[in-house]
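Beneath this line is the structure, given in structure tokens, with notes to follow.
Chain lettering (A, B and C) follows the sequence in which the chains are written, and residue indices restart at 1 in each chain.
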Amino acid sequence: MTAVPPTPPAAPERRRLRARSGRLPWVLVLPAVAAVAFLVLPFAGLLISAPWPDMGERLRDPEVLSALWLSLATATAATVVSLLLGVPLAWLLARTEFPGRRLVRALVTVPLVIPPVVGGVALLLVLGRNGILGTHLDAWFGITVPFTTAAVVMAQVFVAMPFLVISVEGSLRGADRRYEEAAATLGASRTTVFTRVTLPMVLPGIAAGAVLCWARALGEFGATITFAGNFPGTTQTMPLAVYMAMQRDPEAAVVLSLVLLLVSLAVLVTLRERWVNA
Amino acid sequence: MPETFPRSRAAGRRPSALSLIAAATGLSLAATACGGGEADEAGRDQEGGNLSGELDVFAAASLTDVFESLAADFEDEHPDVDVVLNFAGSSELAVQINSGAPADVFAAADTATMGQVTDDLGLDPDWAGEHGEDGALFATNTLQIAVPPDNPAGIETFDDLAEEGNDVAFCADEVPCGAATTEAMEAAGTDVTPVTYEEDVRAVLTKVELGEVDAGLVYATDVVSAGDRVEGIDFPEAEEAVNDYPIGLLSGAQNPEAGQAWIEHVLGGGGAELDAAGFGTP
Amino acid sequence: MGSFLDADLRLSRGTFELHAALGAERGEILALLGPNGAGKSTALRALAGLVPLEAGHVRVGGRDETTTPVEQRPIGMVFQDYLLFPHMSALENVAFGPRCQGADRAQARERAAGLLEHLGLAEHAVARPGRLSGGQAQRVALARALAVQPRLLLLDEPMAALDASTRVEVRARLRHWLEGFDGTTVLVTHDPLDAMVLADRIAVVEEGRVVQQGTPAEVARRPRTAYVARLVGLNLFHGTAEGTTVTLDAQGEAETVEVRLPAPAEGPALVAFPPRAVALYSEPPHGSPRNVWQVRVDGVERFGDQVRVHLAGPPDLAADVSPAAVAELGLVRGQAVWAGVKAAEVECYGA
């Protein structure tokens, strides 16, 4: 029992390396497969039944092209606006204490819950020609917002920005705040800490939020058609064009949906490649 | 409200994947009022002329008030029949019906939409033999210019719509009221560029009610249903674009007897109700 | 006038209370030594301004910094896991501080490059922190803290994240690098060896209080608490001295124990002697002025080339004996033995 020379720890490292990772748990795999099937099969349905020969012709249709272009441009503009406004808001929610913070946080998520059409009406009531603010905008500056491309962007920001705010707030909360402390001990002001340390460190979260926001803006329909109306070239985005096509020719609507889908996928994949390779 | 199709009713006729998707998209966008009873065993005891069971009526949204009132009368007359009304845009209903939604009777807001159904699912052959392959016309609807209550832009004629500075909302070409608008515009020989092509007549009304536009082109019935929130202005060119409302008993109806009776009820006794709602007679 | 660093840190966090007065001169390295949760890291963060004081003060070089915001304090800090910004190269990390202090890009990079070279990291300047070894990362962190030319350098467990072999090397070099620093260094550690090797002064922190302050030699020779005694490897007892005898404070119901001293003393006293000064006998020894107690073997463990025998008293103590002695005495747990300590080996100092 006395001075037995301690046996050197038997290389557990190696054994761990050799160990087979256990069998995949079916309780997780089966629901996961079901989830994928549920999400992918409708797609597959679209792809299979789409009138592919028409696709090229549709893509050359100037009205489709203008709707597609308008969609991409407005969704991108809405994402930029959401980033400029939403990231500071997320920071405020995640990093500061102020009276009513919880309430603000709850209000931010309201657009996620209310039907977009209601959101559109709400925007009209505020920014419309006879809206609370809109009246003054019209009287003082001669600006009317509804039925303009700006209104499309606003409607998209309204429904899509919460996705960004929530996503960025989450990653800010998850970020290691000690890096910010380290920056402060090096003499960095709060602004510098935010731009040079916090922002770069939560960039993946911001990117994820921006993608979510962009995708939501791209698919936005209800608030847009209510607040911005539907006019080819200025306010008719792809989802509106799809809806209109649906009224007369459901097959055309499917083709348009696929065009929107493929273009947005292409954009996302390209961006992803950029990030991964960067 | 639950979408109660596809139910087993449309056995032997598989809806195409495409029309299903279209229907689902349409459904999610529209305020559907879909009856969800399970009383599929429709009563067939024709002996005493007694009708029973559930009667599924799919009707254009503009018929909401009239049909609800007519259904109440009908149920008083036939206490064993449960009339289930499903209102939505005609084209959405057409897609639903063609996709196998459980409907006995379809009342459309225009003949073209009824055509979508007669071309695909088709009407009950016996009934059609009697009333025509394209359904029976039971009402007409005429366009009116809807303006906000005090008519701030002072619009009086169709030509006023084309004036600089007047914001106008039209229905999109793709929906029946939009097609009618185009016909009226051609009849007037005036080129009006609206600020928006709305997805349906309700959306046009909303824009007018909120004062976001100076005028919108809607049906007389919509002006009536909007009450005093909008004013309607008749214009002669509207006569060129009168909309006919067809009704028909659908092929494969689960309760054809009740369906037939309902159609008689609408064609025969609906006049006063339709008139009050702003409809005309064919 | 107080010392160059003159701090009285008072704050509370829930039930934990920190109440520590710290002082050190320019060029000195002060080690805060204590067990986990003693509050030494909190004290360091309070010096940095990362946690606010409830009372007390922080003065550096005669200037009151008590309410100065973190970013304006004359400090440099090396964190336990270094916290190098992962999105910047080593050079950018080091240049970050000078940039914040208003240096232009070129100046900042030049100063950073100089420091990295001084610390032998010139070839790693462009590396991201993820590609650096633990020792390299620690040096970059040190360079980053020095780059802001602080008057107070704060090191939080600088060795904790290093593996044992690197530690020996880094410890020696750290001392060398810190010699060139003309401010005060405060170093937090739970490793007595770090404190002994690196520090000019040691402040032992337990439960939010400084229980002992002094040079490493003083602390090592005359520990004041059981924790320090264990760290420096001494048997330590509290008692009351009268002449050349100390009566140890009784532990519970046990009989009182007396310790004879080499020189007279009076009043409350601490008594310390190393385990290697304890000899074990199977029979009561005779002759020579020894302290002899009958004790019981509580446990035996290997300790370097010696064997440490834990003995249950009174008094409870540890003895280091040779493996041969263990064999000769046939020590097993529960066995009664006699423990003897020469009076000359006993250190007695005021409690």
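The rule is short, and it goes like this: contacts are C-beta pairs under 8 Å (C-beta built on N, C-alpha and C of every residue); 3 or more make two chains touch, one makes a residue touch a chain.
Quantities reported herein were computed from a predicted structural model and do not represent experimental measurements.
Both chain A and chain C are touched by no common chain. Set against the C-alpha centre of chain C, every other chain centre is closer than that of B. Taking the mean of all protein C-alpha atoms as the reference point, the chain centroid lying nearest to it belongs to A.
Chain C has its Cα centroid 52 Å from the Cα centroid of chain A. As a whole-number value, the distance joining the C-alpha centres of chain A and chain B reads 37 Å. Per-chain CA centroids place chain B at a distance of 87 Å from chain C.
Of all residues in chain A, none touches two or more other chains. Interface residues of chain B, counted against chain A in their complex, comprise 16-19, 21-22, 25-26, 29, 89, 91, 95, 167, 169, 172-175, 194-199, 203, 206-207, 210-212. The touching residues of chain C, when paired with chain A in their complex, are 48, 50, 70-73, 75-77, 79, 83, 85-87, 96-97, 100-101, 144-145, 147-148, 154, 300, 302, 307, 323, 326, 331-333.
In the complex of the two chains, the chain A residues touching chain C come out as 1-6, 176, 178-179, 181-189, 192, 196-197, 200-201, 203. Listed in rising order, the residues of chain A touching chain B in the complex are 42, 45-46, 48-49, 121, 124-125, 128-130, 146-147, 221-222, 225-226, 228-232, 235-236, 240, 243-248, 250-251, 253-254.
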